[in-house]
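In the two complexes that follow, chain A is the common piece, with chain B as its partner first and chain C second.
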Partner chain A sequence: MPFKRYVEIGRVALVNYGKDYGKLVVIVDVVDQNRALVDAPDMVRGQMNFKRLQLTDFKIYIPRVPKKKTLIEAMEKADVKNKWENSSWGKKLIVQKKRASLNDFDRFKIMLAKIKKAGVVRQELAKLKKENAS
Partner chain B sequence: MALHLLIKWKGESPCFREHRFFFHLEHLMPNILNIFEKNPTKIKNYGIWLCYQSRTGYHNMYKEYRDTILNGAVEQKYTKIVSRHRVRFPCIQIFKTATIPAKLCKRDSTKQLHNSKIKFPLVFNKVRLPTRKLKTTYKASKPNLFKFSHCNEKRVNVVYGSKIFGSEHLLVC
Partner chain C sequence: MAAERKTPIKTRNPDLIRGVGKYSRSKMYHKRGLWAIKAKNGGVFPRHEPNPKPTTAVEKPPKFYPADDVKKPLLNKRKPKPTKLRASITPGTVLILLAGRFMGKRVVFLKQLSSGLLLVTGPFKINGVPLRRVNQSYVIATSTKIDISGVNLDKFDDRYFAKEVENKKKKTEGEFFEAEKEDKKKLPEDKKEDQKAVDAFLIKSIDGVPELKAYLAARFSLKSGMKPHELVF
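Let's turn to the complex of A and B:
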């Protein structure tokens, strides 16, 4: 099948618009063609338009419309939080958040670290060039 | 939110009905209570029986909507009837609403969602900006609508607007 991410019960999705922006939610049921009933451990179960959701690669195994406790257990079992934070998409979001919350001193420290790293890279490059030339 | 009141005023002109509506609102119903949904986290199939006045006559209808709360279903119903039949709020009377168990639903568009193993891809994925502040008229590049559904095909003209989304899936794959 050319599609890999499906709207299905247990699909983990990221909210990309609105009040719950940035949250990972689980699709617990489908209301109709445009809306799903979503749930997360820290929010009240509610309906959300698919336009606000971006499906992820992760899926947890839950029965249709599970109890909150069941949902939380299933999420822990599937280790959604860790898997998300280790995925490239999750990592990118963490880095973005970090960057947005930097203060001037942090940015100064980053500047120094970048200069140092560039210096080390340039040294290695110079070594390789020398080896190649000789 | 649409306040749902069960009042029958059939057989009168829309103007007169509106006048009567507000008259009764003020004189006979000094206190209107908002009835909150008992289970707003549970999806229900709502059947709505209504009567509407079109340009040429009166018609009865039975419509089904899936929603978590009755007010939501009624709102859906009003907007759908406006779009499909061009009938506005004053010309519609709801005389019955009920929560219908899945077995007794009549409409295919609600029945197709009664599947415990429901599964479909999101075919048309226009990624929106997180806030309207960031919206711009022009963008540097065309949006990639299939990037996040991981379809191997190039952009295809999908006819969405069809109720049965199974057919959309077939069109694209």
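Let's turn to the complex of A and C:
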């Protein structure tokens, strides 16, 4: 019931809306009740409304408003990118992106693979059923 | 112009302000030396004979005047430009046909003909689509490409696909009813040979890619949940 992800300096967040949609950013300072100063290695530091951010489980240890270099070093040390890509949330997003970029030929190949897999599963199931019945 | 000047002309009559020269007309007459030219020519300004005009043929009055004044239509010299081929369609692209007998079939693009239509083939052995012309608008271009660099497509153009002109024979009444059961037009052998020649090379390239043959044999259809405007082809 209590909150687990807090807005704090160093909290990694996912941008939910706007020009930087889908990016991972770090909260670097809080401007006021609604806005945070936000930074990422590949963007110019700027303010963002909290409503545009989705907090993640990850937090890095940085001083308030760090230099870009310190920010990048802290992110490398905490290995944010890999941790994110291995988390179930991050994996889901990667799969969504892959599905959206599939070619017509790719979709066909996937269909064939699904049918094959289903066939193998059904065979195993039939085998198990037979063993159980006898 | 008479003689070429090496230096640009410097006016003899500089402007005091725009529109007003420094020297009056009589002063300018003197400055230009027109008095000296006249004196050289015996008091008269020299005059040269004009060049003789080239003699034109004598125009005869027309023999016939039309009764009504009929307006001639304006001359139209417009040459329509060749149809622009979409950037996504290059030789060897797999296309999806959207209309006609082969609706939904995935087909290989060969080249654009001079009429703007696209020359396309199944290949015939794989999905039953022969060498055929198709309009660009009725086609979705996928991003799958096949290598067709070895095929010679020079003999195919719009005249290859023109209808055969039959010579009409006069029929008598009795023959009218017999002629109903004319035998179906058979495809001439040389067209079949052309198809086989083009397809032989294509099928080799297609066999090189796994599952491409089955892909071309299957038809495309929209399933539940597919949003065409979000699909990447």
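By our rule, the second predicted complex is superposed on the first by the 133 of 134 C-alpha atoms of A that agree within 3 Å, B and C clash if a C-alpha of one lies under 4 Å from a C-alpha of the other, contacts with A are read in each partner's own complex, and residues count from 1 in each chain.
Here, contacts are C-beta pairs under 8 Å (C-beta built on N, C-alpha and C of every residue); 3 or more make two chains touch, one makes a residue touch a chain.
Values in this document were obtained by computation on a predicted structure and should not be read as measured data.
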Fit or clash between chain C and chain B when superposed on chain A: fit
Chain B versus chain C as contact partner of A:Q54, first or second or both or neither: first
Chain C, chain A and chain B - angle at the middle CA centre, rounded to the nearest 10 degrees: 90
Chain B versus chain C as contact partner of A:F108, first or second or both or neither: second
Chain B versus chain C as contact partner of A:Y6, first or second or both or neither: first
Touched partner set for A:A100, first chain B, second chain C, both or neither: second
Residues of chain A touched, compared between chain B and chain C (which is higher): B
Chain B versus chain C as contact partner of A:E73, first or second or both or neither: neither
Three-chain overlay, closest Cα atoms of chain B and chain C, distance in Å: 13
Chain B contact footprint on chain A (complex, rising order): 1-9, 16-17, 21, 29-33, 37, 44-47, 50-51, 54-55, 64-65
Chain A residues within the chain C interface of the complex: 100-105, 108-109, 112
Residues on chain C engaged by chain A in the complex (per definition of touch): 94, 96, 106, 142-144, 211-212, 214-215, 218, 220, 230-233
Complex interface listing, chain B residues touching chain A: 40-43, 65-68, 109-110, 113, 116-123, 125-128, 130, 148-153, 163, 165, 172-173
